[in-house]
């Protein structure tokens, strides 16, 4: 099993969610995060003073899947999250040792 | 402010100040001023959090911008010496001749300048109402230019027609506190704006939901509070007419809210708080032209009809698919029409001897006059608004570019963020 | 509104309108109206964010719902022609006969309808106060039914007894602006509600903390502001009695806040902002029956006692373990009792010649009369409220099911979410 | 409140109550009361979310704390029998002799107690204004002690000098509604506070940004609304002077906001909403001493100058690097100076016959007198404030320890959290 | 060392925290997240239009522990987070290569 | 590749971000979290009742880097996040199997 973690632009979340659902993904977990990267933040003005805000709002999607699906999921996310402009984000893949559905106690692939 | 010509005959030459009346209009002017910040919150709660400051600003800055226009030329155009029933002359430019003595026609028991500033607050809130139509996508500079032009070329003439001794008042059209110049005009202008600016990115595909409904409810509460100054204050004296208008205002707000949530309950199984607030505003807007001409039961009926009609008005938007973002057409446009018609039907001389009877009180002609007022307001407002928008769009560009729409008005127009920690 | 019978003797037949008085009551009515949205925020800040809209709605919709009840039968039951000292007749149903001329007994210098709508605002806020007791767990429909029944069968009779020429006023009981009908009655009703509805899920095990205290503080500020209309307005004229009541109101709010945070400081080492707000409301509620009968120093003492007594009232809840969620019993119930007693002790004819002297001014009998008023209000309110709740519970079910309590009122009752981004 | 000595001569012996005037001042007092909660929000929106309750509390609790001080000794010190032009005697301690009859000098047509409570609201908001200077870092207890001392030893004498028959009014200094005692004094005190308390942790290195600008804008709206009570109410009668002051107030708020955003637009390419709010407050503060002495065009000019001058005032802070956190010096200090000077230049007897002419109306001497008033206010306020702060700091310690500054005032001073879910 | 990541119903957080503390767990990190899964979201109405909200508020708990404790921790979390109704959530186990306490520089098991 | 996850005190974020930038780190992702640990929370009072709040606001930084940089990054974070007082936080290191830049499709070290 693997966990795919994707940092994307917030307004792409719905697209990506739909695409993953079409792929048969049943669940995922989403977190609002702040990203720092090549995409610069923005200027803000407060009482005449200027501030450079380095962090940009991003959305993190986490999906745990079986190892065979990794390529598909990565491809689908990257297709649907892409705008072609800087700041589109990253996808990381992590090993997962175990998974468990709390409600039923099912584990492994059956858990998700 | 109704029926100034009748009043004129009776009161010319009086002009003695009354402290009670003056106290009441001083406070009423303050109450109507407060409505614009109230409106700012009402609207701002309904936009996404990236646009909340931009939305507040579109109302807030008009307090400044239009007030300045008003003392320079607006008041003179609206209430200055009549020219052919169409417009006031510029004789009162910069408040020249607008002093502290009561005017002989307008509000004869309070300082003339107080009448002027009370009217100023109406001139301010009207273009602010329109901003709901183009929420979340208009550039700030062009918005200011448009608002100034609109106030000058739409609000001022309309106010003159109905309240400044213009042709609508000569015709006998009745509008107690702002069916023509405030609600119908802003509603019609909103339609033009929605059509010309086009839809927001994501309209009907993404969830463009209110980011802070308690803010909207607070705004609604403040608006309701201020509306007593708007409608009861339009009696321009602290007497029984003000009392009557106060009661009518409250009852229409009341039944508007109840009607709206009743329909919702039937249609979607739940009553929403936004529905209660929207219905209250619908009732209050609709009763505005009628407040000083109808009794409490008539006002309650007007509120009921308003709640239903404006609910349908909003459904219409979903059908015709223009993006009148915060439903100015559905509430103020529909409400303005219904309210002006209601005067033609339910007005009673028993309530206001300076008014007229409506259809139900034996005078069907009044309804015809009201229809003329409605038609004239719609046509004039739509045409001029359309032209003004086209011009400003051509010269300056009305709409923010797409990446600014995505990042939001707060950042793109004002270099600010509403909420941090 | 005090002592209408004394006033009656003096004023019958007068009935000349006064613009200053009318201006003041117009504005006071608007101020009292604003208190209900203020209360909505005061309460809504103290609930969890999943219940904020449901909580606001329980106050907001009563503006509509009870106002309609009021013009239909409420005003007539409360202030209409007296029947045996117990209730007003339905002769004024639908405001029949309630015109724009001043009434000969009530508020003889302002339009009768204005007096009616001013009283309407009191009728609205009273059941809204109760909603704090069953916050976060009551179904919306049954809530509406209960509120309507309560307004009809509890508020209207009590208002009649004390202000409408009923037996309490005949007895000489003094209640300037709402100890009996508003604060004590809502406090007692709140206890019945807390007992019958039972505790919230997680009460005393989870942290049921305020989600937005600035909202509560804003609500407290608005309430304080509106209270000037509530208490000073109850003089029903813009004269020295109104001035005196204004000062008494302000001072009691002031010392209530100070007393509360002083106790807190001693007990838990810190003064809280919620404590300051709660103490202010406690002081304002407590001085309400006394505002027009006592001088500024007496009022300051009343506020001090109120701050202490209501703080203890709230501690009592933690001990007896009923879940009066937002402390209506501790503040309005305790405050109502203390305030009505305070009148019996501190009232002075030097302040209000239409009032009476209290114990400290040589008239111990007044304290006895006040005790009767308190006892009657408690017994009547508790019994009727209990019965009404039982009936509504039986027929409709008062409480939301558990999964709806977990997901919150906003979603489960209104299909809405307060905050998004 | 202007020119009490002129008034004195004319009005002594009159003292007949007027319901219109009374109604107006009752409402004005309520409006000015509301300004302090408004200010609480205005300030609280600008601090970080960990300090929002602490900031609100610093304003809110002063309503209680200073009101009590006011009825005990404050009113007597400010308005009681004059002692050598320097201070009022304590003859009126505890409102002894301050009754419901009109006073023969102050506000001769309303109850004396009403004048007293109206003035109370000014005494409350002035120290609340100062709190912006030491936001986010002052201990609560010492803050209370300092505020009490400051009210007693700075506000009360200054109010006496200018409004209570003291030497500044004898000299002919003009201050309609609070340039000396309210704005300039709070601005100067703010400078002393900023210097003695030192900078916040992270000042000019971290982002100390507003956590909730809509809250600040709401506060600005409430302040603007209340300011009509502050300035127009200072006419102390519902007549043409009130009307004139109302218009002047509104226009200065208006042009202040416009001037500020215009400068911003030039300087940093964008107009901010905080700029609009700040400019409005700057205009309103600046016109305060002038409101009843100048016409609408003069007032508009005052607002324009205020917007520019206060913007520069704030820039100065960034340069001199003292941490006047929420810009009390830049807005109220600079505004106070500009406003008092503006009276010396633009005052006109045509507007207020009890006033005087300024430089532009042929009386250069008035400008000299105004300069004396400014200098005296600055020197007296700075010295006394400095000494009081040093004493309180020595005895109690003004500033929170570093770890409490990091965790924030809400937790460290009040054991509370503003927002949870 | 392993990291246990549990997505649970927010109102179960206190229970789970208490249970983990009883087990001797000294620290954990908690994040508010939005979950998408079999548990459907809810309907919302805005001005007459209905919206389907797919995401449900969830709470993510992260605990880093030594490898031996995995079974215990997983069991305790799943017992205390369970309501038996859909949406109870998941538990995932990840490998951890290193752990460090910033304050002291201690690493490995001593870090937590 | 490795992912460094650091739980730090929120007011240290800027310091750490600057330090990482100096080290040549081009991107990171930041989340607001609540921590439970040796550092106790605080007391709150609500209407006379006292509550113990166990959770403390913390900031989580996630940086994915190549394996050689781990030691440097861990050192820099721990130096700049340290105050020496309890609650300074933890650093955890996780294995990463793959990384992808959505915009360009670059993978591995080139992705960040």
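All chains are identified by letter, namely A, B, C, D, E and F, in their written order; residue positions are counted from 1 within each chain.
Methods note: a contact is a pair of C-beta atoms (placed from the backbone, for glycine too) under 8 Å apart; a residue touches a chain by one contact, two chains touch by 3 or more.
Everything quoted here is computed from the prediction, not taken from an experiment.
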item: Any chain in contact with chain A as well as chain E; value: B, F
item: Shared chain contacts [chain A and chain D, defined touch]; value: B, F
item: Listed chain pair C-F, D-F or C-E that repeats interface A-D [over half of contact pairs the same by residue number]; value: C-F
item: Same or different contact residues where chain F meets its copy chain A, judged by the half mark; value: different
item: Winner on C-beta contact pairs when D-F is weighed against C-F; value: C-F
item: Whole-Å gap between the CA centroids of chain A and chain B; value: 46
item: Gap in Å, rounded to a whole number, between the CA centres of chain F and chain B; value: 52
item: For chain C paired with chain D, centre-to-centre distance based on mean C-alpha positions, whole Å; value: 34
item: Sequence positions of chain D contacting 2 or more other chains; value: 18-21, 23-24, 27, 209-210, 212, 218, 238, 268, 270, 272, 274, 415-417, 421
item: Shared interface positions of chain F, touching two or more other chains; value: 31-32, 44-46, 50, 53, 94-95
item: Chains touching one another, given as label pairs in label order; value: A-B, A-D, A-E, A-F, B-C, B-D, B-E, C-D, C-E, C-F, D-F, E-F
item: In the complex, chain C residues that touch chain E; value: 202, 206, 406-407, 411, 415-417
item: Complex interface listing, chain E residues touching chain C; value: 11, 14, 42-46, 50, 53
item: Of all residues in chain D, those that touch chain A in their complex; value: 207, 209-210, 264, 267-268, 270, 272, 274-275, 278, 311, 314-315, 318, 327
item: Residues of chain E defined as touching chain F within the complex; value: 3, 17, 26-31, 64, 94-103, 105, 111-112
item: Chain F - residues contacting chain C, complex; value: 44-51, 53
